[in-house]
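Written below as structure tokens is the structure these notes are about.
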Amino acid sequence: MDFSTFLIQLLNALQYGLLLFLVASGLTLVFGIMGIINLAHGSFYMMGAYMAFSLTSLTGNLLIAVVLGVALSALIGFLLEWGLFSRLYKRDHLDQVLLTYGLILMFEETRSLIVGDDVHGVPIPELLSASIQLSETLSYPVYRLFMSAVCIALAIGMYWLIRRTRLGMMIRAGSSNREMVQALGINIDLIYRLVFALGVTLAAFAGMLAAPVSSVYPGMGNQVLIICFVVVVIGGVGSVWGALVAALLIGLADTFGKVIIPDYAGLTVYILMAAVLLWRPEGIFRRI
Amino acid sequence: MPAAVKKRRNALLLILFVLALFPLFGSAYYNELLAKIMIMAIFAMSLDLLVGFTGLVSFGHAAFFGVAAYAVVLVSPKYDPGNLLVVLPAAIFSAAAVAFVVGLFVLRTKGIYFIMVTLAFAQMIYFVFHDSPLGGGSDGVFLNVKPELRIGETLLLDLGSPSQFYYLVLLFLVVAYVFLRVLLRSPLGHALAGIKSNEHRMLSLGFPVFLYKLAGFVAAGGLAGLAGFLSACQFGFVTPEILSWHQSGNVLLMVILGGMGTLNGAAIGAFAFVVLQEVFSSVTKHWQFLMGGMIVLVVMLLPGGLSSLPRRLRGLLIGGGTHG
Amino acid sequence: MAELVLTAKGLSRRFGGLFANKDVSLDLHRGVLHAVLGPNGAGKSTLINLLSGDLPPTNGQILYRDQDISGWSPDKRSRAGIGRSYQRTNIFPAFTAFENCRLAAQSRAPRALRILSKAQGYADLAEAADRALEQAGLAERRDMVASTLSHGEQRQLEIAMVLATRPSVLLLDEPLAGMGSEESQAMVALLQKLSPDHAILLVEHDMDAVFAVADVITVMVAGQVLESGPPEQIRASIAVQEAYLGGGESDNE
């Protein structure tokens, strides 16, 4: 592997890792703060990708599609929390697993009913469709760099939200002691609803962002979900920082696994997880 | 013998009787459907040992089912019938062996981690068969000739014959049921119940909890392998889908729907699930929407599953005292 | 002096920057009832957790019959003969009292591989369970589901389960907590009965009970040993009086 190939793979690994982080952070936030295990989280990613596809073909503009899609996802998250999840906080994890499994089936079929089961491509916006020449034969697409930049910006934004704002303070307080926060007159129900909507939106946004690169296909959500579980297992449940490190590790393992052992590339991520389980069964980072 | 136990035993004998006589009256379609239900019942009961009796919510149980199914095809000769006495133990052993290795990893985790890690490991095994030439890729592999049992020149049992296969499945259903009942009343079974109820106290009493859980995990994996063996023999082909996470989700659904920790409930759940699947898919090709909707409704309106209804009512009358 | 069974040498346990236990040393002898006193947050429960293996120590050593067991898991320590009870009742709520004890006894004779036999079929386990119930004064409640027992009875069951494992060391975390006076008296009598054959570490708030049964008393304050010796010495100690009457009480958990 010469240097520019290595550089390209490294950039790909970074971009994939950051995208995973975006999806997984929603999963881990919702679990860490609300104690909900959400199998349907991957479906929101799929939903986002399909929104990018449908709304772009409808409006003719990816940017408008993304704005609409984000608003729609937030609304869907808000409604789901209000209608279903808010009734499950006191229940066993098993019920949450079951409910969200049912939701996956419904989301998949809804997608199939509305858009069908075909694979679709989403065009890269013209502004970002250029490539950067690395050597005479190798180049790197600007859009992938743009994706990484957006993910980093969002990660910083999230850090700021959780650590530096009043809302973030209430979120952190709510995750450690729900009753206490409620007694202080803070509307914890609303906060949970916002956090859940945020998680859904993050996943959907990641799907929109990835759509031009990965194309849009049935089952894409479940694939991401399982990798996100690996992220959470490696990073530690509820730890956003751990999710970031784990997602980047997985990005590296997956990307270079494809180069080094192409036949069994699907396995590298899981081997990484197995190794971490032996070393630290509770993940690299335990808590926020 | 207490009246309740006697009643249950009588009910089971009656069901056994009906199942034994069914092929004399049922059509080929229903015989096959019933055989499928019985296979799923074995599968669901094996998972119940983990979920219902040990408190381990595994979301990757299809892995063992699938590994055994692949083992059937890989062990059988390509154009001749495999020997039942070789193929069956090979299938069960490979499932149990995989369960042993996976168990070494996943049992280091607890609760929600366990759910996620079992799912991830099952997916890893899915990729092993999906990506490697061994499993024929996403198209899967065919079992051209079904196994048979032959002693010397005499053919005792041919799994290619639907009626013989039906009775073999019924036999194994009984064997699996009795095996689990015996296991559950053994010292091991009691220790597993203790782990489910209070793992921490089991440790402080001196039980090597990890080894007990591993034993339960391997037993459940091996039994799932028995179901996988039967499934491969029934359909004659194996695709990676058989160990996909949908399969794991479905079997978990059967256990929960039917009622955890009762064995009979798992079998009832398997029955209900397969029948619902048949009914829904005859209505629309988007039948999973109906299935998903039903799951959501059950969770929201009937916490604890369909089978919890009588218990919940009884609990209301007597008041309190339930746990776990 | 009686046979030395368990020794803690310079045990420390830190949570973040806070020492829950700091440089705690004590010896447990067979036939000696060793009580640990101290205000809330003095680190008494932490000490028991360190000795039982529920918590790993940050520093220090635990010796059991001259063997270093500091790195042993809780189950291994239990099998070696170190039994413990919990401050918060920690039983199998859905099992009967007898089943709780039978399961405890089974930990000594696992027979995990005999999956074809009935767990209830082993007479030795049933005997051990019944004897433990008898000792703890619960024989009459044998077949009641544990969660339906009164609080005091659940405390007794807690002890009975430990006894069913036939330990040589008993680590008892506030066995009298929440008991009525009659139950307390029965428990004190039980402790006195058990004392000759066991090495007992008793963490307890009830001063009267402690001074009635203890052979040795260690007073802990803020994670450290303040004073250790026979009851008369503790009663006379000025440092102990100051700690109890002075600022020690405000040290909350």
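The chains carry the letters A, B and C, assigned in the order they are written, with residues numbered from 1 in each.
Keep in mind that, in the parts below, a contact is a pair of C-beta atoms (placed from the backbone, for glycine too) under 8 Å apart; a residue touches a chain by one contact, two chains touch by 3 or more.
Heads up on the chains, UniProt names are A, B = Branched-chain amino acid ABC transporter permease; C = ATP-binding cassette domain-containing protein.
Quick caveat: nothing in here was measured; it's all calculated off a predicted structure.
Comparing the CA-atom centres of all chains against that of chain C, the greatest distance is found for A.
Central chain by Cα centroid: B, whose mean Cα position is closest to the mean of all protein Cα atoms. With centres set at the average Cα position, the gap from chain A to chain B is 32 Å. One finds 48 Å separating the Cα centroids of chain A and chain C.
Here the spacing of chain B and chain C, counted between their Cα centres, is 43 Å.
Against chain B, in their complex, chain C makes its touches with residues 52, 54, 73-76, 78-79, 84, 86, 90-95, 99, 102-104, 106-108, 110-120, 122, 145, 147-148, 161, 165. Interface of chain B with chain C (complex): residues 182-183, 185-191, 193-194, 197-198, 200-209, 211-212, 215, 321-324. Across the complex, chain A meets chain B through its residues 31, 37, 84, 87-88, 91, 93-95, 97-99, 101-110, 112-113, 222, 226, 229-230, 232-233, 237, 263-267, 270-271, 273-274, 277-278, 281-283.
Chain B meets chain A in the complex at residues 51, 57, 59, 105-106, 108-109, 111-113, 115-117, 119-121, 123-124, 127-128, 130-132, 245, 249, 252-253, 256, 286, 288-289, 291-296, 298-300, 303.
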